[in-house]
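See structure below.
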Amino acid sequence: MTIFGYRVPMMASLLAWCVIWEIVGQMGVSFLIPPLSDVLVAAFSLVQTGTWQAAALTTLNSFVIGMALAIVVGVMLGLLMGRFPVADNLFGIWVNIFVSAPLSALVPVLMILFGMGETTVVVTVFLFAVWIIVLDTRAGIQAVPRSLEEMGRSYGAGGLRLYTKIILLAALPEILAGIRLGMVRGVKGVVIGQLLVSIIGYGELFELYSRNFDMENFWALTIILFAVAMGLSALIENIEKRVEYYAGVR
Amino acid sequence: MSAPAHANGSRRAISGTGASSFWGKLLEHRTALWRAASIALFFLVWEIAGRIPISFAFPTFLETLRAFLTMLFNGAFVAAYAETLQPLVIGITISAVLGVGLGILMGLSRFAEWLVAPVFIVLQAAPMAALIPLITFVYGIGLMSKTLAVVMLALPVIALNGYKAVRNTNPSLVDMCRSFQGSWWQRIVKIILPDASPIIFAGLRLGLAAGFIGVILAELLITPTGIGDLITYHRSVADYPEMYAAVVSIILVSTLTLSALEAFEVRVLRPEKRKG
Amino acid sequence: MRNITAAATTAVETPSPDAAVEVRGICKMYADMEALRSIDLDFPAGKLTTLLGPSGCGKTTLLKIIAGLIPATSGEVRVNGVAVTGPGPERAFVFQDFALMPWATVMRNVAFGLELKGMGKAERQAIARKYIAEVGLSGFEEKYPHELSGGMRQRVGLARAFAVNADVLLLDEPFSAVDEQNRRKFQEDLLRLVDLEKKTFIFVTHSIEEAVYCSDRIVILSRRPGRVAQIIEPEIDRTASPDAIRRDQGYLDTVEEIWQGLKRYVD
Amino acid sequence: MRNITAAATTAVETPSPDAAVEVRGICKMYADMEALRSIDLDFPAGKLTTLLGPSGCGKTTLLKIIAGLIPATSGEVRVNGVAVTGPGPERAFVFQDFALMPWATVMRNVAFGLELKGMGKAERQAIARKYIAEVGLSGFEEKYPHELSGGMRQRVGLARAFAVNADVLLLDEPFSAVDEQNRRKFQEDLLRLVDLEKKTFIFVTHSIEEAVYCSDRIVILSRRPGRVAQIIEPEIDRTASPDAIRRDQGYLDTVEEIWQGLKRYVD
Amino acid sequence: APQAEAKVRVAYGDIASVENLHLLAAFELAKQKGVDIEMTYLKSEDIAAQAVVSGQADIGVGGPYALIQKVKVPVRIFLQLSTLRFYPAVNAEFYKTWKDLNGQEVAVHSRGSGTEAIMRLMEQKQGIKFSKISYIPGSEVRTGALLQGNVKATIVDSNGRRLLEQKAPGKFVILPMDGVNATDEALFARQDYLEKNPKDVDIIVESILTTWREVTKNPAVVAEWRAKYKLLPDLPADQVAEITPYFTELAEGKAFPLNGGGAAAAKDDFAFYTLSGQLTGEPASLKVDEFWALEPLNRVLGKVGTN
């Protein structure tokens, strides 16, 4: 479904849900659900605290590094697998296992292999994001119309130029789709890494607020996080749309 | 799991010229062999890394294998999975019924789409893991909580896939059914559902994968039971081979389950994909 | 060759008494875009009429309005004298992309129209088997669509339309996804089937030769918004051999005339 | 009409001195599947030769072997006397699906062959502009492929091939993704361009009419494994008008003869 | 010297909160004395232990007796930070005494934890048998579950106990528990680390001992340290108000080991943890120096004196 096409109605119905939240909160059904208005007030003051800013920075830092690694490695591995059967055979099975395996179970193991604290979280982000990027890149590379590649070769593009002028560009829509899905998974990864192993950044705040039953701040954190996750995904989707526009009816 | 080999078939023969096509041909007939080699290579690297050792908390492959076999035969895995799979099965069943139902509803009704789809879109993109600790406050630590964790992760995927599948029913098939005066009900039962079933089923598979994540998160974040307990307990007493064996087992179980489901899907739902 | 040239804007025709399908003042708007402008047409019973025109002129739109699959913005379609309000049993559609159910065998696909009517299995399979044989697919009953070539798939679509025994068959570019040589064979078979089945065919194509070769009557639509530009009745002796038809002077003249008319729409 | 009928298995031809492309004993195996069996052919310079044959008989395979895009299992291709080992600047390919880069404008697509040769921007754009005009697309230089119709896209593909100024143009069913009326127009334009550009064209098609209408020479391949079944030289006066050509008795005879030969391959 | 400049990596199996303000303050003190400490907050004690075993961290915080007995790497405890202070709490509606818990389910922190050890010990002492011991990590989670009615019997820390008394006075009963005197948290490290870095270790031990002694003397000082070292800057006001009462209560209860535990604590732990099943073997057969590295503590006590 094209979120873009439904952006307006989507916002509208989310607003309806917000109203329901506010009403349920006002009725005091459970201490877990404070009125949305209180949460927004909490969010407003929360973002002004040094603690939140530091946590957000830590989290963002781990996320950006992890994603950057995932994109570089993912696109390269996907390219290799898409082009060379040897690489495909060698890595295919692992990529397919890890893309849908419950990686959470692996997170505690990562620390031993890669290091503690932020490193664990970076690796978690990487590990959550990279496989889908590999698979989508590989699919994109394999979906490059054979004729387009032959066109390049017949006009004298060989080696590196074939990749930079034809193959990577032609696979760009799929690569971007992979990166978008990878980002969504990466956000999940950063949170899971911070919740399961290294209690830093956002994970620390979640832990802190839920321990103290500070639901306003807890939901404030959640809303900000969800909004960022959706925003990132919408951003990439927007770029995708533009690329697909040029790709037209491929 | 079967996808890579499948998607490759024709591609492979094309890509190479000259010498590389010779290798291409050789490899094509040896895919299974290559997979085995890939697995063996991985284990070899693991064994070497364990022997260096890169860390005292990192067991070798053989130690882990030994622990794995021990736990397999002494009933530790059986007991753990009996506990872990319970919320998973219940949660997936609930999510499947609810998700497919809601998905079809959203696919058929614009209003349901408007009201419900955005919620699922948010839930699918958002890191739900953050909310799992909250469940304990309401539902404690029992089966209910873990089931809920599974549902929270699995339901959005299943619902959204059902929704997309129904929305993207081949319009000319729908026109075809209308042109033969098929009733509304016939249209849904004889065209929309069969046409959507492969994607709905793929959604169930993705939902199951998410459910595995949910149950593991629940067992690591809510209360260590089943396989989550095997991981945390063996870690707390520094039985690292056992801990790794438990981690490997859950990845193995989920991978095998998902592959079996995919094989079932191709065999039963896609006559057009069965041969060739 | 009877050549009825109509003024581009007002193609009026006196209703013929033997018209199986009458189209009266049909207009169609897609949002702000005018696809068809006041179309008046009669489709004589038992004949094959072709709609020909440049891409995007509204051929498919008109065919679907006749089929009752989409509503007209204004105007009326009557089939056997009864106004069309939706799909009906007296009309059957053959789709450009075949619209076969990939999960069903040839047999089930062909019998599908009857299945929807609630006909018993044995009975509908007997009927389906007859039409499968008629389009030359005996022996393929238990195959799935993906096991057939494009030409064979379209034969399945045709058999399905015959099976419901409708009076009017609506065919939207049935051969465009079939390769040239198969297409040529299929055209010859279609002529045989038109003769055999005595139904009213309304046929959309882009191919001038195909139109002239197959049709009793050719309706040429102008560029968007579609209007009736010209109506041509080739009057070719269809009892002659395919080769003879293709060498017929009238045939060649008609092709050339239509081509000269349509050439200006080509980009 | 000069009609050279060859024994189905051993089509041997004495090499003509003016052959731009010589194919000698080409065999092609795909794994265990024999696609082409000992093909010997000469393609005379400055002429348009068509490869015609049933689906899957190896037309595309042969064309790509000549292009140097895939290697033959055995045999040799010589272009202007030089053995082919890979793609070369003296040959240019026009693809069935156009193979335009969707992210590039018409201008960049047409100039792409020159861009790869490292020619400067101004120079290559000037050349590209000339050929864009020649195929009738002036004014569309800054459009993207998805903004063009099928026919226009294929003109872009043709202009790109012309722009590199190769001696031999290889066209694989260039019109099969173009609608009928555009196709017809395009065929007429192609004849003009063949005349204008004085290049050697090797052309693959499924359409018998198209083959006879456009070609100086038609090579008919048999069903898989592809062998040369027959070589026909229509000897039609190409200076005549398109309509005259299509009415020419020799044209009609040749079409019919080929159709009778190919009919048996159709399912 | 390079060793003085290297960071001491401390792995802590919890987040920073009021409960460990005094430890944070002690580390600040050590920093002032020239030891550069880098704290990493991890999900749980066993992850912290894993970090020390694998060499990712130098010093861990926890009670790793079972781990030391099993693991191939020589890890040693060198300072006791606190003793087990837990309160078995039951819902008064259902239970009043230990005997009522016979055949009932109780919740503890985790498998092999001190809380489980306590409950197993009470099973023996009271001659009862629980139907099931379930695991809920986090005292505050167990407290919440108790308040919500999701569990009926569990064991909570002093904070939890106060919360229960505040939020639902009379609704819960704290069951009596005599003389459990085992280590809850301790500092531990790999033996080679302790041998190679005596200076840093001594400074840390000394800082903690002096801090513990000061807190015991004047619990209000913790709040002052918080301000001075800018610890937990965004702590909500209601929690800030809790700091002094919390430490006062602990100080009065003599919760801070003023002499760092040592051999005496080790003996107590042997008795307790063999009973609870974390350690195997006869308590008497267990050797202190296989679990503890006493040198740093002895050196520091020699300097600051026993208390």
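Each chain gets a letter, A, B, C, D and E, in the order it is written, and its residues are counted from 1.
To be clear about the criterion, contacts are C-beta pairs under 8 Å (C-beta built on N, C-alpha and C of every residue); 3 or more make two chains touch, one makes a residue touch a chain.
Owing to the predicted nature of the structure, the values given are computational and were not obtained by experimental measurement.
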{"item": "Those chains which touch chain D and also touch chain B", "value": "A, C"}
{"item": "Chain labels contacting chain C and also chain E", "value": "B"}
{"item": "Contact-richer chain pair [A-B vs B-C]", "value": "A-B"}
{"item": "Remotest chain, chain D as reference, centres from CA atoms", "value": "E"}
{"item": "Distance between chain centroids, defined by C-alpha means - chain D, chain E (Å)", "value": "83"}
{"item": "Between chain B and chain E, centroid-to-centroid distance (C-alpha), Å", "value": "40"}
{"item": "Whole-Å gap separating chain A and chain C, where each centre is the average of the chain's CA atoms", "value": "50"}
{"item": "Gap in Å, rounded to a whole number, between the CA centres of chain E and chain A", "value": "38"}
{"item": "Multi-chain contact residues (two or more partners), chain C", "value": "none"}
{"item": "Residue list for chain B, restricted to those that touch at least two other chains", "value": "14, 55, 57-58, 133, 137-138, 235"}
{"item": "Sites on chain A at which at least two other chains make contact", "value": "108, 112, 195-196, 207, 213"}
{"item": "Touching residues on chain B, where the partner in the complex is chain E", "value": "55-58, 133, 136-142, 222-225, 229, 232-233, 235-239"}
{"item": "Interfacial residue positions of chain A with respect to chain D in the complex", "value": "145, 147-148, 150-157, 161, 165-166, 169-170, 172, 243, 245-250"}
{"item": "Interface residues, chain C side, partner chain B - complex", "value": "64, 67-69, 86-89, 91-93, 95-97, 99, 101-103, 112-113, 115-117, 144-147, 164"}
{"item": "List of chain B residues in touch with chain A within their complex", "value": "1, 3-5, 7-8, 11-12, 14-15, 23-24, 27-28, 31, 34-35, 37-39, 41-42, 54-55, 57-58, 113-119, 121-122, 124-131, 133-134, 137-138, 160, 163-164, 167, 206, 209, 212-213, 215-217, 220-221, 227, 231, 235, 243-244, 246-247, 250-251, 254-255, 258"}
{"item": "Of chain A, residues touching chain B in the complex", "value": "1, 3, 6, 9-14, 16-17, 30, 32, 81, 83-86, 88-94, 96-97, 100-106, 108-109, 112-113, 139, 142, 146, 184, 187-188, 190-192, 195-196, 202, 206-207, 210, 213, 218, 221-222, 225-226, 229-230, 233"}
